[in-house]
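Below, each structure is written out as structure tokens.
First subunit A sits with subunit B, and in the next complex the same chain sits with subunit C.
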Partner chain A sequence: MNGGTEMTETIDRRRLLTSAVVGSAALAGATALGSLAPEAAFAAGDQAVEPGAPDPNFAEGRITGISAGMLFVTGSDLALWRIRITGGTSIWKLRPTTFDQVTVGDGLYARGLRLPDGTLAADSVWVNIVNVHAHIAAIGRNVLHLDHKGKRIVGHLVPGTSAARYNNTPAVADMSLLRVGKHVQVIGAWVPDTNEVEIATVYAAA
Partner chain B sequence: MISWIAPLQPLLLGLVLLWSARLKLLSPHAAAAAGRSALARLVGEGRALPAYRLVGGVEAALGLVLLAPPAVPAEALASAALSLGFAGYLAYARLAAPDSSCGCLSATRTPVRWRSFARTGGLLAASLLALPASASWFDVLRTRPLPAVALLLAEVAVLVALSPELDRHWLDPLRQLKVRLTRPLPAGGFEVPLDSTVEQLHRSPVWRETAALLTSDLREHWDDDEWRILIFTARHAGQEASAVYAVPRQRYQPAAVRVVLVDEPTGRVLLSLQSPPDAPEPDWVRASPATAAAY
Partner chain C sequence: MAALTGTMSWFCCGNSWGPCGTAGHGACGTCNSGSYQHAWPNASAACFNITRPDTCGVSMTRRGCGFRHYTTNRCNGKRIGTTIADCGPQTDLWCGERACCGSVCGTNRIVDLTPAAYSQIASLSSGLQPCSVDTV
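Entry: the complex of A and B
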């Protein structure tokens, strides 16, 4: 398949889905179509997880191999995981992204459904995601130098993606209220095997 | 030259020791600082605070003796020994409890790094420099006030520069000043970040009704005129479908959020939902034309 056709298909699909949700005439009723009754919505029951047992539907670790639709992952407890990625799997790597952006060496958390063959059919995958509480030690061009318990972490701001939330108000692209010496919380994507992080959201007081 | 430099060192050492003792003996944060320091590891949690106070007492006593005339070499030797002891403590802290705080000059949490060692080395050097002192620092200050004050200020500046716990008083403001002048961070345009849209979605009535159906995190998003479209995977009636949310892009109006569940392979819409219209009164309160005519 060449890139042009793929692009056209993406645009067609997006146009279709957009018109499905915003194109319909405004209807007064809450549920215009379909039923939200629990018996209809949750027709397939959930798997029961034994209390205290490790959640079989969750995996974490570093990616050691990638093949068609499958991620091979070594957990921090050395457990080996095969994680199946489907069209319905959400993949986060600094932003919602696609399977081809995932590379060997990345770390991940995955949630999904454990299949009888031992693979985990992933519903959601978060690649390289980190959560850091730190102080801003210095600020450079699109860079926050963070002090995390005496260790330095370099936080890169990615224009167009990085957002700031001040005092828990809605996120904005304005980073200029960040101050040297102040405490921040950063959600971001770790750059594997470095002390660098690409910042998705920075939470700060202003 | 050394004849006037040496007598000034006891003044510097005395002031530094008194400053350090002030934290350990008088500060309300002394207990917390002791608990965070490597002393807790060295002598045990329960004995950390008494040990911390004891160090403070020794520092205060030596500081006062150094400040009080006459200058005798034994004072300088004691100060050198204390500096060596500090260096040993810092080495222990670095090796045995690398996450502990220094607890040296301030209750601020400061891990032991090279600057702490350099500062202790500086104090040791000053102690050794004080050994040949014969006159009192008071006499030197009186006879050569300008060079004496300049030297002391320079030495204090070096010690301050080597004290990580004092950074927030001079280094952080300097760096913030540089930020204010160079403005290295984007001030942001009118583009609404994705996070902001997702938060609006989370506050919408439609989300409250449909969030339980979702199995995945945000899969895909794009902008369409006044809407931002967010795609999740959902399970509805035992069938996997795409949950397509439309969220107002430039305005904050969670009640306007709508959703359809689409079975993507066939394009069939399984469920379509939007909030009831924004009306100040329920329908049945509004007077119908018939009742209005009766009056």
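Entry: the complex of A and C
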């Protein structure tokens, strides 16, 4: 999936992008270098944070404002975040996507580098991403009704995007092996302020 | 102890949004998505009776809240140190399940990391990855 040499080059590029942001002038430079694949978008290097401790380079919360490449986010613990998006930031929202698809009200997780001004220069942002372990309560046309900790979640299958993985099979569009009553893991994008998610990948036992 | 190999995923805990909003702070009462923490299937006898990794043939030492593990993403060699903050994953629901990247595979779910920890060594959108877990 993530090969050695290619990954090294990707991480080197990411570090260059982050350095560019820290250095100043450099949002344009970062943009010129282009975006990075979400699968490759995570930090490298030695662990600077003690096990068990909060990571200052990681943010979560809901977007309250968007302005000039900046996301204003209120954390679920009420911390206030300013997350800087650059051309080098990878953004996931059901699928790899672009900044213009991000909206006020979305939830997110973001990883990047805290700058001296308090902003988080984002390497990667996962918008509305959820990882739900549930049982299938019912199956409809392009929809899975899921029982999740005693509550119902409506999972929408998105043609062309949603995929299933049965044990170790490659991801396939065929959902026909899913069965009512079976447990599944769903990676998807929450539809804000609803009990609905759009499904990216559903993991199921064959 | 030799490293335990299997697969890893991630889970949310603590204050959160969406379906995670009701997650709570986990079995240890300390779990937060933004901290370097993990769930362990044998965090207590009660936990073990739910997760039952032994039914998948996985022998797993009992370790309690706050114990430190190091998880390596076997797809890229990245490693993260985290402490136990919850019970999970429910290994017995997924006996025999494999996750691979190329020729590197892991079988059976042995650890769930918080989003902060998982995203340090893999993309959250990847969902499931082969891993190894060690104590040093």
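Simple rule for what comes next: the second predicted complex is superposed on the first by the 153 of 206 C-alpha atoms of A that agree within 3 Å, B and C clash if a C-alpha of one lies under 4 Å from a C-alpha of the other, contacts with A are read in each partner's own complex, and residues count from 1 in each chain.
The rule is simple: a contact is a pair of C-beta atoms (placed from the backbone, for glycine too) under 8 Å apart; a residue touches a chain by one contact, two chains touch by 3 or more.
Since the model is a prediction, treat every value here as computed from it, not as a measurement.
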Which of subunit B and subunit C A:K149 touches, first, second, both or neither: both
Contacts of A:A171 with subunit B and subunit C, given as first, second, both or neither: first
Touched partner set for A:V132, first subunit B, second subunit C, both or neither: second
Touching partner for A:W92 - first (subunit B), second (subunit C), both, neither: both
Which of subunit B and subunit C A:L115 touches, first, second, both or neither: neither
Partner chain in contact with A:S124 - subunit B first, subunit C second, else both or neither: both
Contacts of A:L80 with subunit B and subunit C, given as first, second, both or neither: neither
Which superposed partner A:W190 touches (first subunit B, second subunit C, both, neither): second
Touched partner set for A:Y203, first subunit B, second subunit C, both or neither: second
Overlapping contact positions on subunit A, where the subunit C interface meets the subunit B interface: 40-44, 92, 124, 126, 149, 165, 200-201
In the complex with subunit A, residue positions of subunit B that touch it: 99, 110-111, 113, 168, 172-173, 175-176, 179, 183-189, 191, 193-196, 199-200, 209-210, 212-213, 215-222, 224, 227, 229, 231-233, 235-240, 242, 244-246, 252, 258-262, 264, 267, 269-277
Touching residues (chain side subunit A, partner subunit C) in the complex: 1-3, 7, 38-44, 47, 49-55, 58-62, 75-77, 92, 107, 109, 111, 124, 126, 128-133, 148-149, 151, 153, 165, 167-168, 183, 185, 187, 190, 192, 195, 197, 200-201, 203, 205
Interface residues, subunit C side, partner subunit A - complex: 9-12, 14-22, 30, 32-37, 66, 68, 75-76, 78-83, 85, 89-90, 93-94, 96-102, 105, 115-117, 119-128
Residues of subunit A touching subunit B in the complex: 13-14, 16-18, 20-22, 24, 26-36, 40-44, 87-92, 95-96, 123-124, 126, 137-143, 149-150, 157, 159-161, 163, 165, 170-176, 178-181, 200-201
